[in-house]
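There are two complexes below, and they share chain A, which is joined by chain B in the first and by chain C in the second.
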Partner chain A sequence: MFCFSKSIDKRNLIYGVFDDENKLINTVETVREKGIEIFDCFTPFPVHHLDTAMGISRSKLSVAAFICGATGFGLGLLLQFYMMVFDWPMNIGGKPTSFRMLPSMVPVVFECTILCTAFGLAILFFIRNKMGHGVVPDILDLRQTDDKLLIAFDSDKLTKYNIEELNTILKEKGALEINKYSGKYAVKNK
Partner chain B sequence: MSVIDSVIRQPLVHGDKTYHDVTTDICRPLENKPTKLWWIGFVLSFLFFILLVVTLTITTAVGIGVWHINKTIMWGWDITNFVFWIGIGHAGTLISAILLLFRQKWRMSINRSAEAMTIFAVLCAAIFPFFHMGRIWVGIYWVFPIPNAFGSLWVNFNSPLLWDVFAISTYFSVSLIFWYLGLIPDIATVRDRTKSKIRKYWYNFFSMGWTGSARTWSRYEIASLILAGISTPLVLSVHSVVSMDFATSILPGWHTTIFPPYFVAGAIFSGFGMVLTLLLIARKVLNYQEYITINHLEAMAKILMLTGTLVGLAYITEFFIAWYSGVEYEQYAFLNRAFGPYWWAYWTMMSCNLIAPQVFWFKWARTTPWFLFMLSIIVNVGMWFERFVIIVTSLHRDYLTSSWAMYSPSWVEICIFFGTFGLFFTCFFLFCRFLPIINMSEVKSIIKNRE
Partner chain C sequence: MGHNHHIDIKQEKFEFTSKSKMISIVLLAVGLILSVIGVIQIKNHDTSSSHKHQTEVTTANTAEHASATEEHGKSWTLRFWANLLINSYYFLLFGIGGLFFVALNYIANAGWATMIKRIAEAMSSYIPIGFIILMITLIFGGKELYHWIHYEHLGLKEGMEGYDKILDGKSGFLNTKFLFFGVPFIFFIWYIFRTLLRRLSIKEDEQGGLTFFNKSVKLSAGFMVLFLFSFSIFAWIVMMSIDAHWYSTIYSVYNWGILFVTSITIISFFILYLKSKGYMELVSSEILHDLGKFMFAFCIFWAYIWVAQFLLIWYANIHEEIVYYNIRLHGYFRPLFFINLFINFFIPFLILMTKNAKRNPKTLLLAGTCILVGHWLDLYIMVMPGTMGESSGIGLLEIGMPIAFAGLFIYIVKNSLSKANLYPEKHPYIVESATYDVGV
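Now for the complex of A and B:
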């Protein structure tokens, strides 16, 4: 079991609470223009173009998935060649057991490719996000998985001027609240 | 980016929901005590599930002799039911994968339950070929390439039956991953709402530490797009491989190159029939009419009509090709289907699958829930009969007149079939009780955008 702790507890986070994705994207764009570093955004649903607005580069998961798929393809071929051609060729109904059986290898090779892609992708996705069964989630505010969209800043990385400026920007853009992360989250299993 | 207000298209979710409304509405069945209707449904399905366990035990303990399959008709209700259940599974993947690639946003309130249906249906399907092997305790060596003590013999990769093993196990596991990945954000929502300690522990366990960070969402979207991309050829391949179990044989009626596309169309047709049956009940019982709207039902009815007509075209093509080929065995096989001893099965199939869905040319038929419910049942029955017709009528009159035979199921076979419905609905009722049956995060992303 993966057990990464991401611990936002040690950071002094401040966050703005929004109830509309367009206001959030607007804020992200303005804040980035001013050169203020965003810690992260938290949304209850996928907000399109938020990643580009935040300047998150496209994940390389697709490349990884391709490599997993190619591995599966190879494994599928290897499996069948080893069993049917090399180790113990079986003559059943006169069907070929040499390289001539390649056409009938297609379905199994295909399934192996898909299987490895899916499993590889899922496992890499979980590792990349430091997700795992039983990981204590980094929840700033319980409403972030319900109906509120958060934009969080690490106040240690902001100067005092920044913080004031930030407050005005957030209010101007329609933030409902501006809170300090208090380090309290109801799910504590450990 | 702004809110898109289309003048020609209806909103996908009715009732002017806020994000919080979506959460509370969809979490309601999970957070309250189950209703009386739920208990009745659950207990009834569970009883059928027990019936399944009992009859499968009898089959294993006594042997396959308790079924009425014989030397000529070696595949009877078991493989019919297998193909029937696998077909039902297909709609789930079609909705979640193919409609995702086509950017069909109406899929979002139905994909979760359809995917769950896929998983449970594949589970039911797998029972049949597995128990048909008889001695199931050695069966595992016959289907999986595992080193064994029987003289290091491997499985036969030239056989379509083995391709099927690979196809179905891949299909099951990939569907499960896809479904679970989609569930994670919603499980996290439930986790953050629940007060009970035990529930919190388990929802936390399965949410895998989901926070909804923008970085995670960005990767999540890519991951689901890739999964959709690989599930699409997968779902098309699974039923193609199932059809090759028949098509690669030399039996008249089975030996047809049209089988793969014909089976896939049929699978989607029967799957949508089952999705409609389930959702029409679910939207009524759970009061989700605003999420699963008449527009959703109408869209599904249109797919039913399209695929039903495709299947009908395949029936007619088969008949035509049998005549056109000039092969008298082929011609006899098809004439025997329509006018032989199993004529009633053939005409049930024809009327349920080709003729019945034609009512969907009328808007009234597409938008009236009780009528749709009736039609969805007819589709389910029709597609079961299609598999029965293909399997039994082709087998019962083969090349050798001396081996001609008839087939009717034994009580064990009948009970196993109805037992699998018990398993299916038991799983589905548990799913409705413990997991959100509508994808909250996706629905939230579309309630403001009308496109």
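Now for the complex of A and C:
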């Protein structure tokens, strides 16, 4: 979700554990009003409205999709033109071998556009979410993959409030427990 | 699921004021006047040109002269019937599209469009009147519009002069009995489903509960199966049989593409209208965004089907198939043929590409206008080459008639909207629709 440098390693993270997504969103809203910087939220399922509550700007997915699609479109046209007009013109059914054969290029160009968009976005998805082979996933607490929702703070960046005050805020909002990240659950490379 | 907004759905009722009644009646009247002037213009033009022909070519042989006057004499009535066919078919598609949209959301178990369900329902109230106008066109203008009806009246047997093997082979389907009894039967089916779905929806508003929803889902599933066959047959006999020797297997899908994209556009236009009048405050831009996505997606779908139909015929170049595109690609229809592709695909595709464009009423209106005008042109290109041929034109008749139909359609839909609550408040998915969030 965030930039690549924002890994959980080498940070003093503290996190609150919630069991209800509405409580989590409520907490996020209150904490941001008080001016406390949230490191990230970790949820086992997508939570609606959480991104807007956290103030995350809109994903640039559609721009990436457009660029991939336009690349595919151009490559498809290039492929067809190069092969059928310049390199090896073939007479198929008496159709012209010039730009006037454009209608017969439509299927190939269309498929190339889709191919490039699909592959481009799949590759971008893996890069963006750090899901490459052998990459250590960010796990603060194993329960974040099951039924609990976490809100994490970088304790070095807490300026206005100290940790005790943050704890009381989280407890008020219905946090089940507040823990310090110890690196215990991180899946190590073999 | 998610962040539960607690929303009180404040019921609204659309008021069909005398002012808005007047506007649609004025539209109807202006359209009718323009059409009448257009018809008179064409008639005068025809008689004067044939008169000129008469005086100029005094020495011409009588057979040639007779054929020339005959061709001119039939053209104004034919042009009138062809226009009536285009418009009655086009506006009927909106009516059927409304019914289709309601049924689609029931069987897909989709909740997002619940808030705007009443608009689609109101659109389907056009079906009976649209049917009457279409049947008038078919009964009185059919003999001029469809050359297979003319052929059927000749009653030719095999071996006789003028015998047409293709038309004779299709006579099991293309005959006047089917046209005058089969088409009303199809409408009867649609009308029954429309009435039942509407009745359940109104009863649900009064009583609540899940029973009406479950019944509607079953009805919609039945409708969908029947719709698949009935709409295909309907498109074949009303539209495709104009070029009776030619056929295309994807034709009914193509017509369905027109139906869906135009109906979605009409639904979003009605939402924009109602919002501008202060109704439907709860319908958020999220729902408009989804309708915009549908418009965008089905522009592409239409273009896909268009290419699928065109490409095979163009590439194979078999003479019994290529005649259909030959007349459209050369002569009078050539510019219209390319305008059709641009106005229905490229322009809305580029306008509606971004997220903000789908949420902005102005861009939505712009793209929607392109789609509505474009698909009228699409139908024009489907009907005119096979009926009027090179002598067709776009004059006051072509401009006036859609305006008249629009006035009628708007009147009927608004009248139907005013008869029920704007929100189906006891529908099980109403809260989902009211708090709907597209995401991204």
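In the analysis below, the second predicted complex is superposed on the first by the 177 of 190 C-alpha atoms of A that agree within 3 Å, B and C clash if a C-alpha of one lies under 4 Å from a C-alpha of the other, contacts with A are read in each partner's own complex, and residues count from 1 in each chain.
Heads up, the rule we're going with is that contacts are C-beta pairs under 8 Å (C-beta built on N, C-alpha and C of every residue); 3 or more make two chains touch, one makes a residue touch a chain.
These numbers were taken from a predicted model, which means no experiment stands behind them.
Upon superposition of the two complexes on chain A, a steric clash is found between chain B and chain C.
Between chain B and chain C, B touches the greater number of residues of chain A.
When both complexes are overlaid on chain A, the residue A:98 reaches neither chain B nor chain C. By the touch criterion defined above, A:84 lies against chain B but remains apart from chain C after alignment on the C-alpha atoms of chain A. Looking at the shared chain after the overlay, A:117 reaches chain B, while chain C stays out of its contact range.
Once the two complexes are laid over each other on the shared chain, residue contacts for A:48 go to chain B and to chain C alike. In the superposed model, A:159 makes contact with neither chain B nor chain C. Contacts of A:135 after superposition: chain B is touched, whereas chain C is not reached.
The clash between chain C and chain B in the overlaid arrangement falls on one stretch of those listed (224-232, 260-268, 296-304 or 404-412), that is 224-232. Shared contact residues of chain A with chain B and chain C: 21-22, 25, 47-50, 58-59, 61-62, 93, 95, 104, 107.
Chain A makes touch with chain B in their complex at residues 6, 19-22, 25, 40-51, 54, 56, 58-59, 61-62, 65, 69, 79-80, 83-84, 87-88, 90, 92-93, 95-97, 101, 104-105, 107-108, 110-112, 114-115, 117-119, 121-122, 125-126, 128-139, 142-147, 186-187, 189.
Looking at the complex, you find that chain A touches chain C at residues 21-22, 25, 47-50, 53, 58-59, 61-62, 66, 93-95, 103-104, 106-107.
Interface of chain B with chain A (complex): residues 1-3, 18-20, 23, 145, 152-160, 162-163, 166-167, 170, 173-174, 177-178, 181, 184-185, 188-189, 191-193, 200-201, 204-223, 226-227, 230, 233-234, 237, 241, 244, 440-442, 444-445, 448. Of all the residues in chain C, the ones that touch chain A in their complex are 1-4, 307, 310-311, 314-317, 353-355, 437, 439-440.
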